[in-house]
Every structure is written in C-alpha cells, then in structure tokens.
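Just below is one structure, and these are the notes that go with it.
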C-alpha cells in the first residue's frame, strides 16, 4: 500500500462513530491533525461555513491563506456530493440535514514528497423537514493541501 | 431517535473496516442481513454488477423480483455519487477504482410500519490507472425496499 | 408485456390532457388511485410541497409514514429532472414554471409480488418570468412504494 | 395563452399513445410536421442517432444544415434528461431502454415572428438488462429552430 | 474551415482582455454586433439578468421576442456551466463571482443559410466571500438565434 | 488586485489565439511555465491523456508525484465542464471535439505564501461527427499545486 495513514478512513470513523466508540481507533489518530463538529441546516452555505469555521478555529487550515482554504473548500464540496447524491441543494429541495463532520489533515503517503492532504467526512441524516422522516447520509472528500 | 438500527452506519463500518477491526461492532449486526464484497474496475457497469451479484447470491434481495432489484439499484447509484463526486464515470474519465462494499438490509425504524430498508456503502481508492496515484473515496446509498 | 397497468402513461395523460380530453382514457383509470393538481412557482420547494400536499390529502400516501413519503419524494425529484433538464433550479436561474401534475398509485405488474408503485408526472410551461416567454416542459418519475 | 399549437403536447401524445389511441387527437396534428420512431439501446449514441436519422429522412430538418441539426440535437438531449433523470448514461449504468419517440416541428406561438420550434418526446421503459425488470420513462425537449 | 467569423473567440477576447489590450483584434469585430458588461453577484439570477439586460439595451436581441430571448438564455446557461464547473450555484455554495462578460451576435458560417448565432463569454474571479480568496473562472456558450 | 500573474488569462490566450496573434502578450508569459497542445477525440479519456502527457513531457508536473498529478487532473476536469457544458461525455453523446489546449503553472498571488497554482484551458470546436456541423467551445480550470 502506498498510503500509510488513511486520512479518509480516519475522517469517516470520526464522523460516523459516537465518542464512546472511537477508543479502539486511537492509534489511527497518531500523526494527524483533526477536528469534529455538528451542523443542522436547510442550506448548503451554512454547512460549508460550519466546517470552514471549525477547521480554521482548530488551526487545521491557515486563516486567509487562500491555498489552504481552496483545498478545504473543494474537499467539503466533494463530501457534500455524497450527502446530497446528485442535486446540490438542501432546503430548495424541501429537505433538511443533521450532520456530524470531521476534518483530518496529515501525510498519508509513504513517499514524503507527497506532502499534506486533507479529508472531510460527513455522517448524519437527510430527509423531510419533519422529525423522523429521514434516513442516513454520508460523504467523503479528499484533497492535496 | 426514530431509528433503532442504523443500517447506513453498519454498511459504512463493514465497507471501511478491516475484518479484524469489526469485532467491537458485532452487536450492531444483530437483526440485519448483510454481505460484503470487493471490486476493482474502470467501468461503472462492473461495479454495479458486482454489488447486485453479491446481494442476490447472499439472498439479500429476491432474484427477478423487480421491486427489490429496483430498490437496490437506486441505493447503489446513490452510493456511487459519493464515490464519483459529480461525474458519473470511471474509465471514461481516465480513472480507476478499487472498492470494498457492503449491503445491509433491515428494519431501521422503531415504528414497524416503516418496514425494511437497504443500505449500500463503498470504501476504497479512486485515481489514475497507475499504482499508488490514488486517494480514498466513499459512498452511501439508502432506500426503502 | 410484464406490465398490465401503465401507471406512468396514466400519470402523463392526466397531467397533459385537459379534463375534457380524458374521456377516452377512463378505462385506464380502473384499478389505480390518482390525484391531479396545479402549481405555479419560482422555487422547487413549492412545487415539491404542492405535490406532497395533494397526494397526502387525497390519501395516495399515508401521512407521517416515511416509507411512503420517501417513495413519493424520489418520484417527484425524478419527474423534476425532466422539467428542469440538467439544472435543479427554477427562480435561481431566473425562470418560472406553471405546471399541472398527477400522482398515480397502483399495481402495474402482472406478477402480484411486485406490489404497489407510484408515478408522478408534470406538464406545463417553463420560461422567463415574463408572460408568454416560455415553452412546454414535462417530467415523469416512477418508484416502488 | 400565447401558444396556439402545443408542439410539446403533440410530441408527448405521439410518443405515449398507441396508434389506435391517437384518433381523438388528429385535429392537433394540423399545421405541424411530425415523425415517429422506435429505438431499443444500451447506449445514448444509438438513441440520438435514431431520432436524428428519422427526422432527417422525414424532412423535419434539412440535412447538413447545422443550424437545424443543432436545434434538434439540443432538443434530443433535453428530452433524454427526462428519460435518464440525473445521470446521462444507459449501458454504462447497467440499464437498457426501449423507447418510442416523436419529433414535431411547427409554429406554436400566435405571434408569427416567433417562427418555428421543434419538440422531441420519448416514452417507453428503462431498467435492468433483464426482460421485465423495468419501469416507464419519459422525456420532452423543446427548442427554437 | 467552415466558419469565417469566430463569434466565440471574439466573445472570449472581449470578456478576457482589458479595453487597452483589444486593439490588435479590432478587425475581428467587423461584421458582428457585440456588447460588454460587468457583474458581481452571489446569485445566478443576478448574473443572468445582467447579461440579458445588457443584450436587450444594446439591441443584440429583440425585447419580448421569445425566440431570441430563448437563444440568449441557453447560451448564458452554457457559459455559466464553465464558470461554476459542475454545481449550478454561487452564494448557496458560499462563493461569490466578479465577472466581465461579452455577448456577440453574427453569421459565423461561410454557408449563409446557417444564419445568425450568438455567443456569450464570462471571465473573472470566483471564490470565497472574502477579498482575495478567489481564482479565475471562464465560460462560453454558443447558440443559433 | 491580489493576483499579479493571471495564469488563467494566460492559459485562455494560449489556447484561443493563433501562434501569430500571441506576440502582444509575450510579457504575460514571463514568470510562468507553460505548454500547448492539440487533441481531436470522441472520448474524454483521450482528451485528459493528451493534456497529462504534454504537461508531463514539458516538465510542468513531476511524473509519478500524485500530488501534482491530482492537481492537474482536477484542473483538467474543471476545464472540461466548460467544454461539455453539463454532460460529461463526448462520443457517448454522438459528438466530437477538436481542441487546442494550454497548461500554465506559476505563482499568481502577490502573497508568496500562496505558492504555485496551475491553469488548464481548452478552446476549439464541438459538434456532430460530420465536418463543419460544429460550434466553438471553451473551458478553464484552476487549482493549487
């Protein structure tokens, strides 16, 4: 395997598992930077902002450095493709999301010239704006940073 | 929570984790039917066929009952949106995938009138058709069956 | 033909034809449940809500049963793909729609194990938000329920 | 109504109805040129070619006049959005189509400066490449010519 | 070459170049009608309106003639596909655009039966709603009119 | 302006202009690395390969360094969105392309921490697989590298 740290897998587990379930995976968190958060929203913009704000606050990306913001932004968009599955909209389509997310930054490849990469994962529910009329959704985006 | 069994989460874990890592999650597998498989491909059709074949062989869906094939097919497509993130193509876009997948069928909702649902998850790599020039990808689709 | 009742065709005719033109097709309405409605809107959410409200009020789907709401929702989305043809937006793209719609629920297949399916059809106009600067549009979505 | 001839409605009816059912709609065919055809395929290219060939052979468009070919081509693509609902592929997605189509050319608007327009409609089935595992699909595209 | 006037190229240059840089290309402007404009926006509707308003005011299209408005509208949409690259949204995706645009109308083909065509080009920046966190974007749409 | 070198604009001009027309823009080429090429194809894969091969051969990206291949790949895909405008396919949609392309690598931002970025531009024709039945198309993709 050319990847020694699976930042995508780490992001998926951090987004999908409850805090109490993550214990067996602590070794995977060695050597990466990460943050977690939650967002409930009927618009995409709020979801994107929640991830960007968390990643900036936790120093996963450098504020006002466009290079890093750009890498994160496209990773978020790719992850949202998985959540929205074909139409890039939430409230406009009369649906709402309740998501947990994780951002992971690290050096996945054994060849150190590959440098740092970033992974964004979402896990939660998507559905009608009525309590309980919803099913699970998930998305993962990965980018070089 | 209106869902007592998270078939999507189970599918994600079965697709993402190594066999050896799934031990702590055995209790989650109670009360669901599932199967796992692997597929490497440069075309979508082969990926879809691999999941359909595994699910039929493991009796997760009834062969030749269109209702169940239709439910599975749309769940696969939704999961592939997450894997392909915006363009529904693999080899046509000069990329290849190596994926592990899981199909989970069960009754997620506490209200038993909600009946059975099916979840399909993929996890693996996507990238150039050159060993190692690839990153992780993931997708989840959920449908009523 | 494996289908004895063409619920999609019935939905198309109910959406496309004037009340006065539907007489020759009364025999097709035997054995199905259906409703019709109209909606003019510049946002997707309002169009989706109009169909859901009509279908719930006419008892085509069971209120608060997610299984049936989910089946209808995806049928509506698929029908809207035909109406919007590539971009899932109305007012955001400076266009407006005036649509007649029909929802049809029935057992299309000769094999009774196939159970019930639902079809949603739209027919009307789409165009600039200026009277008359518009052309016809149509869409059909079909799902198992 | 600013349209006196509904070329889209005519195309929908010609594609959806059996020959024997079209009798009541003969008056709608006054003042338009139209053709009908059938195509079964697992690739988009064959579907597009079938419509173009029929329309050229029936003199609905002028061969080798790009202006008219371009108008027809985009009308076909828009109609196929309705048939494929979100992913522009057939066999690549392990599905097949059996479609009846109609092309209608005429002057829909009361204001004669609006000139000629063209409508393309498809109606038929889409599904797994297994007899009977399929449901109905429909699409309509309209363009100025 | 079957095209003697490249209206697309003219539109690209008018949108991309500063006024002072267009001098060498004055000969290309012979025989076409064109206009230029600027728009900064966080919603698609405002961008579309800016181009339509400019084209109408400069008499590139005939006001209230749907045929011409329809041709322009689809050319704008195609150009915006290049600007937005996959998701037809701006502010909903927490991004903003600052664009220069050009609309060019002319007879590109040597065969005069091909008649008039219209090209719309955008050039500018797209990015986060923070000064400087942006990169360049471009799009071109071409249609028969 | 936060960008002192417009790599996107340079790529657009190199792709759009004939060799003889580029003289006035020589100063823009200072401080960037670039290459140009041509490709005619009915499949996406061949277009992607043509750009990757040219960029690798001209040392614009480091062979087998995934980080750089990944940056280029996504820039190519974004540029192809502009060329294909909504459906990511060429021959599958019965169309063909004849494109000139340019790849430009440089440091666009005044803030040197922003590092290197890459731009890919296409310009040429798209249309039916019949000589002359085609119109112009363009696309631009920009990414951090």
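Residue numbering begins at 1 within each chain, and the chains themselves are lettered A, B, C, D, E and F in the order written.
We take it that a contact is a pair of C-beta atoms (placed from the backbone, for glycine too) under 8 Å apart; a residue touches a chain by one contact, two chains touch by 3 or more.
Composition by chain, UniProt nomenclature: A, B, C, D, E, F = Hut operon positive regulatory protein.
None of these values were measured; they are calculated from a predicted model.
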| item | value |
| --- | --- |
| Chain hops separating chain C from chain B, counting only touching neighbours | 1 |
| Most distant chain from chain E, judged by the mean position of its C-alpha atoms | B |
| Pair in B-C, C-D or B-D that repeats A-E, with over half of contact pairs matching by residue number | B-D |
| Centre distance in Å when chain C and chain E are each reduced to the mean of their C-alpha atoms | 35 |
| Centroid distance [mean C-alpha coordinates] between chain F and chain C, Å | 42 |
| Residues of chain C whose C-beta touches two or more other chains | 66, 70, 86-89, 92, 109, 132, 134-135 |
| Contact set on chain C toward chain B in their complex | 65-67, 70-71, 74, 109, 111, 113-115, 143-144 |
| Partner chain A, residues of chain B touching it in the complex | 2-3, 6-9, 12-13, 16, 21, 24-25, 78, 81-83, 85-86, 108-109, 117, 119, 121, 123, 131-132, 134-142 |
| Chain E-facing residues of chain C, complex | 87-89, 91-95, 127-128, 130, 132-135 |
| Partner chain E, residues of chain A touching it in the complex | 43-45, 48-49, 52, 64, 66, 69-70, 73, 77, 88-89, 92 |
